[in-house]
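There are structures below to look over.
Look for chain A in each of the two complexes below; its partner is chain B in the first and chain C in the second.
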Partner chain A sequence: LTAGNKIFHFGPCRVSMSLTEIRSGFTAIKANVQARDPVRTLSILSHPHSLHKVKSSDRCCITHHLFNFYVDKVFKHCKTEDSYVNRKISSIANSFLSVKRKLEQCREQNKCICGQESKEKFEQILLNYEALNITSAAIKSLGELDILLDWV
Partner chain B sequence: EDALLPAPQNISILSTNMKHFLTWSPVIIQGETVRYSVEFQGEYEREYANESWIPICECSLITATVCNITEDISATVAYNLRVRAGVGARRSEWGTLKVFFNRVTTSLTPPLMKVIADGSHLLVELEDMGPAFQFCVLYWKKGQESRMQQKVVKEVRSMVHLDTMEEGTDYCVKAQTYVEAINRSSSFSQTQCVRAQGGTSKWL
Partner chain C sequence: SGELYCSLPNPRNVHFESVNMKNVLHWSAPEGTGDGVLYKVKYSVYGVGKWIRKPECRNINRTWCDLSSETSDYEEQYYASVKAFLNGKCSDWIETTRFNPLTDTKIDPPMVSVSSTEKSISIILTAPETWKRSPEGESISLLQVYPGLQYNVSVLNKKTKKRWFFSISNNTLVVPQLEPDTVYCVSAQIHVITPLLHSGFSKEYCIATLKDKTA
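The block that comes next holds the complex of A and B.
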């Protein structure tokens, strides 16, 4: 196992991410978090269309939107009574913050263009998110992190 | 009312090869056992979670004055840490790091390695330093430094095959570590040379 700090290419935007560290942090709490998800029939990231349908030209923008979404909206509403889970969420949140910063640099350098599709896709994700109460939505989004990690 | 306990002092971090330890000076109270509790705060907590602190349960109410924080320092951002002392129900104020800690500042030491000539095979055995580490191994025929060859070892396995040697020729090897998560390398290890002599290795 290597702590893969891969270089991800989103068009001209190149971002190094410790995806393996994020994934191992998530794997450690995945069962616990998903068990807290009261609404199994809905998906926030994949409804109605999977992330895999996003055009490659829009991937950078969607990725930036999603990392912002998790940092700004999701993690802060995922506090649990379990200290171990909270520590792992902190680990993931700080890693996401580190990546979010790098994606922001790409946006500032116009290397992360947002097309209509990414705009619509992200609006749909927000609609899905806001259709639930905030804690359920946050826990569900955290539980779907592997969908995002697999897609990235 | 009981006097407030003094807060722990000299709080600092020892970080080597991506292993991070928080240390502090003991609080001395005659005839009492003083216990300590440690909490951490990443950049995310400071900027997005109301500057909240997260307890490290392995370092709650401990008597030691050191805490292994490696597992919690798992992102390349600035972390703050704090410690407080306790005797019974009495608690001190929190003592806090003077400067935030980012794992990018960890000190990286050259890897331990052992070079082996197994018959005509040039092998190197590298120290297992954990999943965060890769190795860059350089090897060359003695006297031909200009024709140095390189092998990157991403996953540590007990023995790494470098080359097939010409009999009677001396081969030299040196290695450094590389940590992708912080994009830094150690300095190179000492050079080690061996010569293959009919299946038995001869250290030089």
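The block that comes next holds the complex of A and C.
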């Protein structure tokens, strides 16, 4: 367990995450990234379904889906002209990648069950994402990282 | 009033100031406008986007507006916006950055109460309440908002100037094995790990341990 890591329990699945490190990285670029997202009428993560309404039995599956989502569909489309911001994004991406792998192990060991509700919730998130062009959707998703971190 | 021609300079530094979830919009008057400027305020929930006017902050001449009630759901995020009017002219709507009550609020220090015996002091800490609609309204402790809330406690022996630090999750602490008839001063701070937030330290509360009756 490295400094700043904390063990998160999702039912039988236990994952150590450096949330403090991720959050401080995001806080450093939050204003910059959110300022690049002019669309107020759409949220990727919080509307119409709020993450906070996810049942505890679905938490592991949704968390796994979301970490995959950020690694596969968000970070790689968030290149900016600002090298400082890019460095912070890649540091956050690396942290997400390591958590993604740990959650994958839980899935392989059947400790992270996906029910119908979590499937539907995640499909809504993808619908929100696909309502925008890839770059705008990626930047918006990145700007909503505090919503994910507040929820986890 | 009809908005004739928006050439008035814009309000400046439009931002939320939040303490214990009391979320107040603040701004500075447009440059060089002097007295007589009036303002309108509106706000929106991020992801919904519909702008909602704040009637109590319509045609006001002050440069703040309490939006605590409108932003009380701390699972949401918000934008607010201000427009200035003077002599039939108006400014643009000027927006805040995205406001997240959970991470963007400041936290007051805890309340500290102390009592003592001959060789120990007992400390009880109380986290501040969040903003509430009315004095009779339901009060929510910051502990409910931040389940991971902890307290950092400092205890100073006034005679020897020796200081101890404790980090505790529950709100009571007994410090044993102290010297009788000695003044100890206690100060405490709130520390939240996720999101990373901490209050300042409270002022010092001093108390003397009782005299040793056997001495």
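Here is the rule we go by: the second predicted complex is superposed on the first by the 149 of 152 C-alpha atoms of A that agree within 3 Å, B and C clash if a C-alpha of one lies under 4 Å from a C-alpha of the other, contacts with A are read in each partner's own complex, and residues count from 1 in each chain.
By our rule, contacts are C-beta pairs under 8 Å (C-beta built on N, C-alpha and C of every residue); 3 or more make two chains touch, one makes a residue touch a chain.
Fair warning: this is a prediction, and the values are worked out from it, not measured in the lab.
Novice: Which partner does A:Phe122 reach: the first (chain B), the second (chain C), both, or neither?
Specialist: Touch partners of A:Phe122: none, neither chain B nor chain C.
Novice: Is A:Asp72 touching the first partner chain B, the second partner chain C, both, or neither of them?
Specialist: It touches chain B, and chain C stays clear.
Novice: On the A-aligned overlay, A:Ser98 touches which partner chain: chain B = first, chain C = second, or both, or neither?
Specialist: In the superposed model, A:Ser98 contacts chain B only, not chain C.
Novice: Touch check for A:Gly25: first (chain B), second (chain C), both, or neither?
Specialist: First partner only, chain B.
Novice: Just chain B (first), just chain C (second), both, or neither: which does A:Gln34 touch?
Specialist: It touches chain C, and chain B stays clear.
Novice: Considering only touches as defined above, state whether A:Ser16 meets chain B (first), chain C (second), both or neither.
Specialist: Once the two structures are laid over each other on A, A:Ser16 reaches chain B alone.
Novice: Tell me the contact category for A:Ser90 with respect to chain B and chain C: first, second, both or neither.
Specialist: first
Novice: Where on chain A do chain B and chain C both make contact?
Specialist: Of chain A, residues 6, 20 contact chain B in one complex and chain C in the other.
Novice: If you look only at chain C, which of its residues touch chain A in the complex?
Specialist: 44, 46-50, 75-77, 79, 97-98, 100, 102-103, 193-196
Novice: Which part of chain A faces chain C closely enough to touch in the complex?
Specialist: Residues in contact with chain C: 6, 19-20, 23-24, 27, 31, 34-35, 39-43, 46-47, 50, 52, 143, 146-147, 149-150.
Novice: Considering only the defined contacts, which chain B positions touch chain A in the complex?
Specialist: 40, 42-45, 47-49, 54-57, 71-72, 74-77, 79, 131-132, 134, 154-155, 179-181, 183
Novice: Across the complex, what residues on chain A touch chain B?
Specialist: Interface residues on chain A, with respect to chain B: 1-6, 16, 18, 20-21, 25, 71-72, 75-76, 83-84, 86-87, 90-91, 93-98.
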